[in-house]
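Heads up, there are several structures right after this.
Across the two complexes that follow, chain A remains constant while its partner is chain B and subsequently chain C.
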Partner chain A sequence: MTSRTPERPSAQSTVATPARPAVRPAEAVIIAPGIAVRGHLITRGPIRREGPAKLTGDARYADDLVFPGAWYGATIRSNLARARFLALELDPGFDWSTVVVVTAADIPGEPLMGAVKGLTPDQPVLVPVGGDIQHHSEPLALIAAPDRRTLRAARRAATVRTEPLPPVFDPLDSDKVFVSHDVVAGDLAAGFAAADMVLEGEYRMGHQEQLYIENQAMIAVPTDDGGVTVHGSLQCPYYVHPALMRALAIDARQARVVQAETGGGFGGKEEYPSLLAIHASLLALKCHRPVRMIYERHEDIAATTKRHPAVVRHRTGVLRDGTLVAQEIEVILDGGAYCTLSPVVLGRSTTHAGGPYRCPNVRITSRAVRTNTPPNGAFRGFGAPQVIFPVETHLNRIAEALGISPLEIRRRNVYRLGDVTPTGQVLSSSVAGLEVLERAAEAVDFDAARAVTHRARLTGQGWDAVATSPLRSPVRASASGIGIALAWHGCGFTGSGELRYNSIVTIELDATGQVRVLAANTEMGQGTRTILPMIAAQALGIPSDEVEYAPQDTALVPNSGPTVASRTAAIVGGLLVNAARKLRAEVEARNDGRSFARVYREDAARHGASRASDQFKPFPGQPFDEHAFTGDPYPAWGWAACAARVDVDLDTGEVAVREVVAVDDAGVVIHPILAEGQVEGGTLQAVGYATIEEMKVQDGRYLNDRLSTYLIPTAVDAPRITAIMVEAPFDGVPHGAKGLGEMPMDVGAPAVIAAIHDATGIWIDRLPATPERVLAGLTASAGANESGRPGSGGHDRPGGRP
Partner chain B sequence: MPVEPPVETPRDLAEAFRLMALSPRTPIAGGTDLMVRITGEIGSPPDQVLDLSRLEELRGIALEDGRLTLGALTTYAEIRRSGLVARSLPVLAEAAATVGAVQIQNRGTLGGNIANASPAGDTLPLLLALEAVIEVGGARGERSIPADQFWIAYRTTALAPDELVLRVRIPLVEARQVRFRKVGTRRAQAISKVVLALAWEQADRKDRWSHVRLALGSVADRPIRARSTELYLEGSRATLETADGAAETVAAEIRPIDDVRSTADYRRQVTARILHRIIRDAGGW
Partner chain C sequence: MTAIRFLVNGAPVELEAPGMRRLLDVLREDLGLTGTKEGCGEGECGACSVILDGDVVDSCLIPACQVDGRIIRTVEGLAALTPDGRILDDLQAAFLATGGAQCGICTPGMLLAARVYLDAGGGPDEDAIREAIAGNLCRCTGYTKIVEAIALAAETGRRPAGA
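Presenting the complex of A and B:
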């Protein structure tokens, strides 16, 4: 059993509803110096704060908000992937005085926007007449009308005239590079020269849609001072705020951003809400009324950001015993039409490309390029899943070629304390790669499970019985397999991201005696509104239900940075602990050292309101050079392993993921049930990425832009998921947290693909492993098996592409 | 911003027939297809909608003259729950269970599946293989249309503009074996990539197959019978040679397409392989 650090929020320190039975949290067990593991997570931690309102339907999402007299807004979009915008023709038969129309000419401020501070502003708020259209859903004009019927009629009466230009759809054909990197460590040529074996591979992944339950939604309300207040579904109020100031040429006080209850984000509401907020505001300022812009699902999928498609190439040199000696990796991300967040996503892809493995000689080249599809953006994992699937699958192929088990090759190469990464970071603390790997292997009895598959293969029930000619059912109707994968995930922003934001968190004790956390970090289903008060309460020594969480409204809360990069619990939580300690010290000092818990209400009555803040300070360690890509890209790394069991239908190629054991090191766990929820949700998204989620693109347009055609796993497709939490605390923050939300997304897909291989002998090198690709692999392996080599699925067959 | 077309709700079948005779209206039962088209703004919206929900004449499941009769408003949930279906034709409950999700099964109706005439309609291949008869009617009277004459082209039925689907009659045959298989992208709430229904008669397991009916969905512009393959299987036994020949015949017989859900190659192969599997299982080898 581990001793709890005093800062550590715990079930004991927080008051839960007393009616619930007291179930003790699973005891943490020390598994290595400074590293603990928890079993099944049951605790009576506080219920999530917005949970009852969401369950009863009382929660007010943007579309539930009523603004009397509000008009309805709509977007006129391109109809071609690349074109010149010649004219917007308004049918004179329609009474245009009943509506307002906004074009690029109506933008008072900057006509181009960038995703965030420091990135190239290259995306037009609206394409001007005469300007270039770069993707199929590009906004060209906006219309607002007093009611939906008029709006519909106005949309029909507006026609876009365009002249087609040649588009680029294949990222390998693009000559427009948004950003590129070249990371070199050691001597690659010498590494390959020393290798006993060199293996090459190419891996591809397509778009993935976030598919939050609530579509993008924004309501803009003009204010008396010529400014605007927006209420919307969003992750980052302080991304929207400067975007409004820039585009509308208004000052910080004139722009106000209020988060409505948000029905999921997953990165999809990181940057896009800025554009939608500008659109709604332009209309509101022109018609002098509130304007509602609530996307339908079809428009939401067609126009908003997706996970970047990627092509990743590996050339790897290894010794006979599996030791990595050379890694040459090329990463190409398809950025879509505009730069947006691609440089930041590529940064994470680049730092994570080699996987959590020690290798002395490495070269990683990476680039993000333009194509004529809607811009790709943030999605849980943020560039890491696109490199973890390739490196993990490649390592499995190496292990198979060498006759080493997938578990053993990872044991031999995983980073240990003191190892040095390709950017030159010395991993000097909080390194738990081996621990998460061993816990996952142990939980599924990996070696024994592999032995079962192996025996089936030897007795003629394995791969040989799997392979068939295309029109014949094989002897066995299904095959089972198990796979394991390992990943690392850098804590918080890549490089100097935190320095750019200088985040501030404030805690106040108001004159009525109420304690309140003021931060801009949003609740979108992941638990911010519950865990930040827990962290503050722990530092103050009071029950968490005595701490309020202020609304995410830029008029009320300071800029504590965006709610992205799994940084809320780790970075914002750390600032909050420091701020709370300051407040506690101040109050206790003027009350003769009596504890904050005993005196704070009395103190407020006597002294009035008190506030304390903490601002981000750089972590110790080497600074990161964003051009050379050297130094410490993250102050710490989280570690994740995943073991998956699948059944493959050998007639149809359908993959059913039966069980996943996910082991994640989040530094410390703050709220075990919410943490387990994050692991389950992220795992299911990864299962979808691995097996069925495929955006089909034709001429730059998404063909399956509806819920009936873009399919994600349902409850009946979900595997049994077991979450095991490993805790290797990060000493750079007072409470030890490193972030959790993205790791399950990184590591699920390669585990599933490895399990498909174990079941069938085929390698899938292109996600998702659709039944079409799996079946192509199975039937190809029928011929290949005669020479004793299983085939490869989907490599040269564009299965699933229309 | 979908339109909201006007809706009329007749109280009985006579009133419904009278309204349909005035001018064609788009009937709505569960709305599981029509509402998706309206809210998704797919195609032009209907001018006038006829709500069938109060037509009690179109409800109910009964056994009449050796035939299972299902009213057009019978929902998939009712089919799944029906003791009569479970006893007399369990494969129909099996097929109903593959439609959409629970919510869709609560709303969606057999008559709607028939009238919507999607090439991917989940129950339609089963109705074809079972030689169901679809009874339709309007102000001019009622008539019966065999299932294999009902879906005449892409999303086109043999219904006259003033007619409604009233009920389905499925003959119950002794010694008939029926198999149903739907292949979709996920295990629920998925439009099919391939639907296959196979029926044959066989007094004893060792007998030759007779009266073979093979019907397929999602492999043509409408639900189809695979008649060459039926002919191939007629009078044969469930051997490996039969299975190989039937698989090759069906693969050559169908003309599936590439679309947003799957590819022509995949559909052809999977149709052949699941047919092969059914024969393999029937032969027990």
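Presenting the complex of A and C:
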């Protein structure tokens, strides 16, 4: 890149001025080695680092990498949800000398794996013969072959013998609790005693598939020292690295993890790649060749982690004016067959369960339990969407019952500066809940828009029965509604997560005068590779295109922690600013105080390479007690609001989300286009969660394990999405960022469900709001009203036709 | 094995392949054109989209025997080749300017679907653009900036040399 654009441009800028003399025709501008654009590229902020490579097809994802002589690997999986694994029978008619087979007996190291440090390893790398199968599609054995045809033949010649055992599928029936919490604040009984009204509700959500468009992919290459190098599609190189060391019984130098260009993760490539890397490595070490394990979509959906299904119960006491006085909340997460990240996910569900609202008397009980379904894991939002949808929908029902608008009840209860959360955290800075709420309401003119939908109902549009349908009107076959939602999202890891990692970020000025950031945080579309150099450049006082970002290769970069929890911009970015300031001070000190920008190349030539690092130190504030769940779970909170407009088809129950305005407070915006991209993409995933994304589970197996049956929104299904950025900087990091990627995922679903209610008067308490559920609601509502019209049950809804 | 001849990105190709080998595999593995991606293998996601005689098709559903004598364009053929390097076409430049690519795995297919739309005279109308790319799934962007990019390319109204 040759641009010298401002680091945080507020207006349009251009990347049209080449820094080097152009050898191109006069109108062409070089933007990457060997790649140019014609004329001026009008954009905001530096262009995405790897953008040109992605646009030309040059970018190399795992399956694009060529390793001569590589074999192809496959996984033999269970086809029962719970069973004893009796035997792996190999057909003697097949020539097994042409392939390699790996079973649990071939694992040189630990046979069980845990998702991350500190969590009990309980998941078998492969189920041993004689062991228990705990979920459908569980890996039992591995095969590698020199070509795909031989691999297919070998798979057909291998038979799994099992004896069924009784499975548990309903989390409410589970007898195994992975982890539980009980958070108490104030006096719940006194709170309910003082309440003018008490409302109860139960909310349910199913699995959601991350559906990165690039499937899981890993290639293991054996090395001369008995170790292995893996190249894969992954979020966290330093999760995979210790996982390889443990399972293969190799040391830190023998294990090397290199991230290939990664086609989306969204949490789905947080912990699963560790298992896949072990599988590919076991095969590679046994056949002494590189082994490619590239999942097909069907296998990827059938076997890998999903968003945790949840059951959430609310009992809430309020005063007549809408003031919350008591919240009793129970959260149950379905962890699936193994612990994986469930304790960490549940931690976030627990801290977020009450929503961004002040309430003096609170009890939150939560547990994550085992069922015989594939393990659930990380997915954008990480336990927060599962509690925000319930708390937001419950608050709307309270507002309706009290005759208060959904906007007003939020204004009255949203946290303000100085308020105290259920864990005892004092919100002493960077509190922007009211601001994001008002910005969203203003952007859609919420009160006026709601008056319009209200009038439509009053005049009966969309409601009068006609001969062909009991539900639609002669005027319109659909009803429109608008909804609003509000959330908070804790910045970075919950509790002492950061302390466990002790992340290190390094910046170097090498002997050739090149500045380079060394960190393990991965680019998977969200912009890491672009924003971290911007952050470093700003601290150094140089243009961002003069800062390189080193490849995510455990042989090259330090462990700056995983790329999860929206922590890259905030936490890693903060360490990077500190490291860059140290480097700048060192260089300027030995150059008579002349600015880094002026002297750094000359300094490198004279003094050779320089490096500076920074390591995580605890934020000020109360420490968090992981057992009692008291203290400051996050150093700061981000705030998000969302307004959605929907049309509900009254014949079919189909919901079309027309428009979403999403307002997010990321602390500071580092790159405007990338930030908006996070909000727009997260919002559409939330819209999918709210309306169409449903995993059908039968006997512990995902029935719709293909892209033709698990649907995600297309460009036609997608609403017009407007992203509005709010900046309430976090003073605990030098650059003020709080993280962004997950917040839009929290608020989309409750806003859509609120809009469906505004349109129809029905409450959807189970995600997604499929046409079947909406139609059932409409029909029940129509049946409950003798006039035959739906939606007249709501307090603030107009009555039926006389 | 069948002898198959076709043009890819303007260059003649002649190879022996099983007739039912997927065009996707011919492109990626036999010709090394890995810009074309596989997302689902069943024609749902559009990541493997290529342009075949002017139409956008899913290369995972096209058997090699069907491309004999035809003209194929992949993402590698979008930028104009010059002695000094490649010059991005307007659509690629627009994706870069608006932020239409995030993880990038849907991008090649998305670009080709959009190219066919623009080459057929498609304009900046948002609904028409959304319809044109409805066969290409993106999980990162919410489509907002992809639609913006295509509208921008339509507005500039310029076409790459030779298109």
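Just a few scattered comments:
Everything that follows uses one rule, which is that the second predicted complex is superposed on the first by the 727 of 802 C-alpha atoms of A that agree within 3 Å, B and C clash if a C-alpha of one lies under 4 Å from a C-alpha of the other, contacts with A are read in each partner's own complex, and residues count from 1 in each chain.
Heads up, the rule we're going with is that a contact is a pair of C-beta atoms (placed from the backbone, for glycine too) under 8 Å apart; a residue touches a chain by one contact, two chains touch by 3 or more.
If you're wondering where the values come from, they're calculated on a predicted model, not measured in any experiment.
With both structures placed on the common chain, the touch criterion links A:Leu703 to chain B but leaves chain C unconnected.
Once the two complexes are overlaid on the shared chain, A:Ala74 sits against chain B while remaining clear of chain C. Between chain B and chain C, it is C that contacts the larger number of residues in chain A.
In the superposition on chain A, contact is made by A:Val716 with both chain B and chain C.
When the shared chain is aligned, chain B comes close enough to touch A:Glu772, but chain C does not. Within the superposed three-chain model, A:Ile673 lies in touch with chain C and out of touch with chain B [touch as defined at top]. Once chain A of one complex is fitted onto chain A of the other, the partner contacts of A:Ala36 are limited to chain C, with no touch recorded for chain B.
Using the contact criterion defined above for the overlaid structures, shared-chain residue A:Ala656 touches chain B, although it does not reach chain C. Once the two complexes are laid over each other on the shared chain, residue contacts for A:Met524 go to chain C alone; chain B is not touched.
Residues 296, 706, 708, 714, 716 of chain A touch chain B in one complex and chain C in the other.
Partner chain A is touched in their complex by these residues of chain C: 28, 32-42, 44-45, 47, 74-76, 78-79, 82, 84-88, 90, 92-93, 95-99, 101-108, 111, 126, 129-131, 133-147, 158.
Listed in rising order, the residues of chain A touching chain B in the complex are 72, 74, 148, 151-152, 155, 296, 298, 468, 470-473, 477, 651-654, 656, 692, 696, 703-704, 706, 708-709, 711, 713-714, 716-717, 770-772, 775, 779, 799-802.
Partner chain A is touched in their complex by these residues of chain B: 1, 3, 36, 39-41, 101, 183, 185-191, 193, 243-244, 247-248, 251, 258-263, 265-266, 269-270, 272-274, 276-277, 280.
Taken together, the chain A residues at the contact with chain C in this complex read 23-25, 28, 30-31, 33-38, 41-43, 47-48, 50-61, 63-64, 66, 210-215, 261-266, 296-297, 524-527, 673-674, 676-677, 680-685, 706-708, 712, 714-716, 718, 720-721, 723.
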